[in-house]
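Structure, as structure tokens:
Letters A, B, C and D mark the chains as written, and numbering starts fresh at 1 in each.
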């Protein structure tokens, strides 16, 4: 593992949400551009730190960006507000993209990203609850985030609060039985304040989900466990915004959103390649990927 | 069959002290919730459910979910008392206990019901003899093993006021009271139940009264045994252990658990670090054969006579 | 816990299977009568030993009887034969009925039943692998039997063997995530040599499954996890025989049989009563239950 | 940064010895199968999969199922080598390990990959520091912590020939060889790597070479340190421990794990039972901060200099 990462590699600027009521097209463009900046920064982070899970980072960044950029009712100055929305990153191995997203939206100083994985840094390889303001749960072992999210959702119910809970899981992660226990509980308690987003990139650590342990038909499974299921292009900021940002809730049923994504998206040589689960781009690959990201139409879809 | 402690006619099921204390605390503090795995009856939580129907969360037979959910509840400001058979709670949710409770610093109370060999004839699948060693290996986890109703109530009261993860054993095995009712528990502080200067017997949980009975037998033979109730295995009262090592000739530990890494291990590690003395460690040293809880304690040499034998061995007389 | 149980309380006689090719009506009558004898003996066991799980015993006995009496390719002299069929009692708390069933079919001497729960007995409150010839797995903690059964089924596949694996689970037990992990694995590996029978008595330890943690729609869940699902009256020996005894296998799919049962069946005051999950009949209740069992038409449905 | 053992230029990833040995054994014995949780790559089992595609069972990301299935495979005559990251394998499947492997007497080999702090910067969720104490608390479980490629190969060979449950740690952390290649391992027998009569250093796993380096530093200062590689924590070589207690003035244990209940605990329990002497116990004593594996070993005082300090403390000079 290298540790060349330094302040010189920080290209990110902190941004904010567009004001409520901004035209949808503007919001979507802002999200797309933010996601591009997050990818650029995350690419540098992984390359210069010499470690990370860039494939899963890049499949999740659009969902992360839409959640923090337009959906979650939370802000850097409200991380202790009991009425904040909760977000749990259950696929904790994409901590890199999570830290960058949090930095992009002002939850931690951008400069702190330069400590990623360094001795005594609070930016460990997997997120730790409260190690950064806004991180709600320690994750990394798969199958933990959903039960925790169900606990938060039940707490909201007990408090008579309208706050919402969002959990992002991997698709391979849905092989963990702990998730199905939590799915059963969420629908038993009719937790319609809970939204589970599955990063359905079709790949896990060693191979495709089909080859490793087939999950299909995933939507049927979730439906049989009592969830309201929808599917969406997990890289389409507009579609994600419309779905995740909608205040409508199927009465008494938690939501299960299958976000179709590509591991390593949109980098030509990474996309849908399982090797990029935790491969680190070398100098050439870094340059190419960077060029590809820079060439994206600013504000256009990633 | 082991005789009861002289003078003690009554025995208690510590689950009663557990639920009475919890209900009283929950009246004062509405953050307290119960979380169970279809274990309302076996945890004796019916009174809690009656008093606070909305604050008793049954997750069904699903221990990982139980502890994970408790973490979410705790992180949203609740104080979950997670209550299920100690064997399933610890072994089935070990990673949630490590990560979601201890590492995350969540304010979760894990109440391991009917631990050790309390389930007797139900067999080793239902015995929870490794739990003390398992929980003690986890950083930041407070591990409490009360001996009687007063210690159980004190442990639950203390746990409710402490902000962090706690594991408390709560047994169904009938025990006499070894304390008066208004005990205050301080983790990291043992209770001296009997002074003595020849040998020290350090026990906790359901076998404390057996250890006291052993001390009486020893006294009859002119051997003066100090008896400590080491309710808190982690943190351990290292001062009391070092004093015992300095002031008496040896130590015998007695526990309803595997001594490897348990109370026996904790005391041994303290002793060699500070003042090495001879020790014997009694406990449930392996998967038990079929038998009632009381039968098994005797089987594993934790009758008063069995404890006396170890004390004599350690003293060499 | 009493320990009055003695040889005086053994009413069971060992039986054998009717020869292959016996008329179906005879087989069914033989199964019904055997199930009745097993219930009578189990009732005495629980009453005189002063412990047991009679509710779950009585909901499972008809399935156990049909499996051992007419379906499983195993016999007392073949418990080490690698080609034997495997049966795993996942709901291990009904050990009492299991020991009685094994004794009924000659796997252990009937006299040994008198040691049930006694010091140093091999008849512990939960079955231990090999503690009695024919017991394939140690169970009691719920959610263990199905993964073990999947391992046996996969071993048969690796061996190129036609042997079959049957697993009996409780319905409440299906709340354990470990089961859903195993369900996914069984269908991923297309283990059509595996049959899961769920004792669908609608009750768990403390209350109904609906009130505790709703499982419905259980069939849809199993179907979404890739199983071929069927439902059957779990007290109808003929129907169980036809379904479980059929050699037909849905190509590449494991079977999931929802056996609709009643806890405590057919005792008037026990049936569908959750209190009888592990209550012990007192002398009056014992006498009444015994009379009810004796009054059943011999050979008729229990 | 800790210097390599004098004379050792090469370091090894013990997973290579693991897979080479397993493939060789599997050629001779077709009962051997691999069972993984999406961990073919992280277990370096690609060569096994290439050689025996049908005998490598991936259960997906599902550790309870992994160990439960292995029990079924074992009970049907196979010898499953279950291989996954030690943290998930142990914590997530603890009850299956207790019941389906140990209590049931099934012939299962649990290969805990990248244990201790091998995952370095991936953090405490991925560190497996409790595994040794956890596994040691389980009756009938053999617990092996090899130090180098030769010990790893020997442990795997021994495990394949033994009929019962075994837990073996297999690290990715680069280590120099401390043995020649044809080592034969006997659980319950430590290897004396260096004779000495002032103090005894008992280590296992990836820190054995650091302990040897400490012994060299001590020798340069005129202190003669005996060094034992205690590969087998359970059963423990109690004879070697008692000899160390009798023949040297004190013992320091060194391990990449929580010493509470681990190697440190095992040695302490033995010492107080037979010949009490002063001890120090080095290990990963709590959730680690961010840092590489090597950084963390130094952080927890397991640099040669750190080990020397403990040895001097125990000797009081």
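The criterion applied here is as follows: contacts are C-beta pairs under 8 Å (C-beta built on N, C-alpha and C of every residue); 3 or more make two chains touch, one makes a residue touch a chain.
Computed from a predicted model, the values in this text were never measured in an experiment.
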{"item": "Identity of the chain that, by mean CA position, is farthest from chain D", "value": "C"}
{"item": "Separation of chain A from chain B, taking each centre as the mean of its C-alpha atoms, in whole Å", "value": "42"}
{"item": "Chain B and chain D, separation of their C-alpha mean positions in angstrom", "value": "30"}
{"item": "Separation of chain B from chain C, taking each centre as the mean of its C-alpha atoms, in whole Å", "value": "36"}
{"item": "Cα-centroid distance, chain A relative to chain C, in whole angstrom", "value": "45"}
{"item": "Interface hub residues of chain A, defined as touching at least two other chains", "value": "128, 138, 140-141, 143, 175-178, 181, 184-185, 188, 213"}
{"item": "Chain B: positions in contact with at least two other chains", "value": "59-60, 62, 64-65, 87-88, 91-92, 95, 99, 103, 124-125"}
{"item": "Touch-based graph of the chains, sorted into line, ring, star, complete or other", "value": "complete"}
{"item": "Of chain A, residues touching chain B in the complex", "value": "82, 86, 128-130, 136-138, 140-141, 143-144, 146-156, 158-159, 177-178, 181-182, 184-185, 188"}
{"item": "Chain C-touching residues of chain A, taken from the complex the two chains share", "value": "175-181, 184-185, 187-188, 213-215, 217, 220-221, 223-226"}
{"item": "Chain B to chain D touching residues, read off their complex", "value": "87-88, 90-92, 94-95, 98-99, 102-103, 124-125, 130, 133-134, 136-140, 251, 258-262, 264-266, 268-269, 271-273, 276-281, 285-287"}
{"item": "For the chain D and chain A complex, residues of the former touching the latter", "value": "38-42, 58-62, 64-65, 87-88, 91-92, 119-126, 289-292, 295"}
{"item": "Chain B partner contacts - residues on chain C that touch it in the complex", "value": "1, 51, 92, 117-126, 128, 138-143, 172-173, 175-177, 204-206, 212-213"}
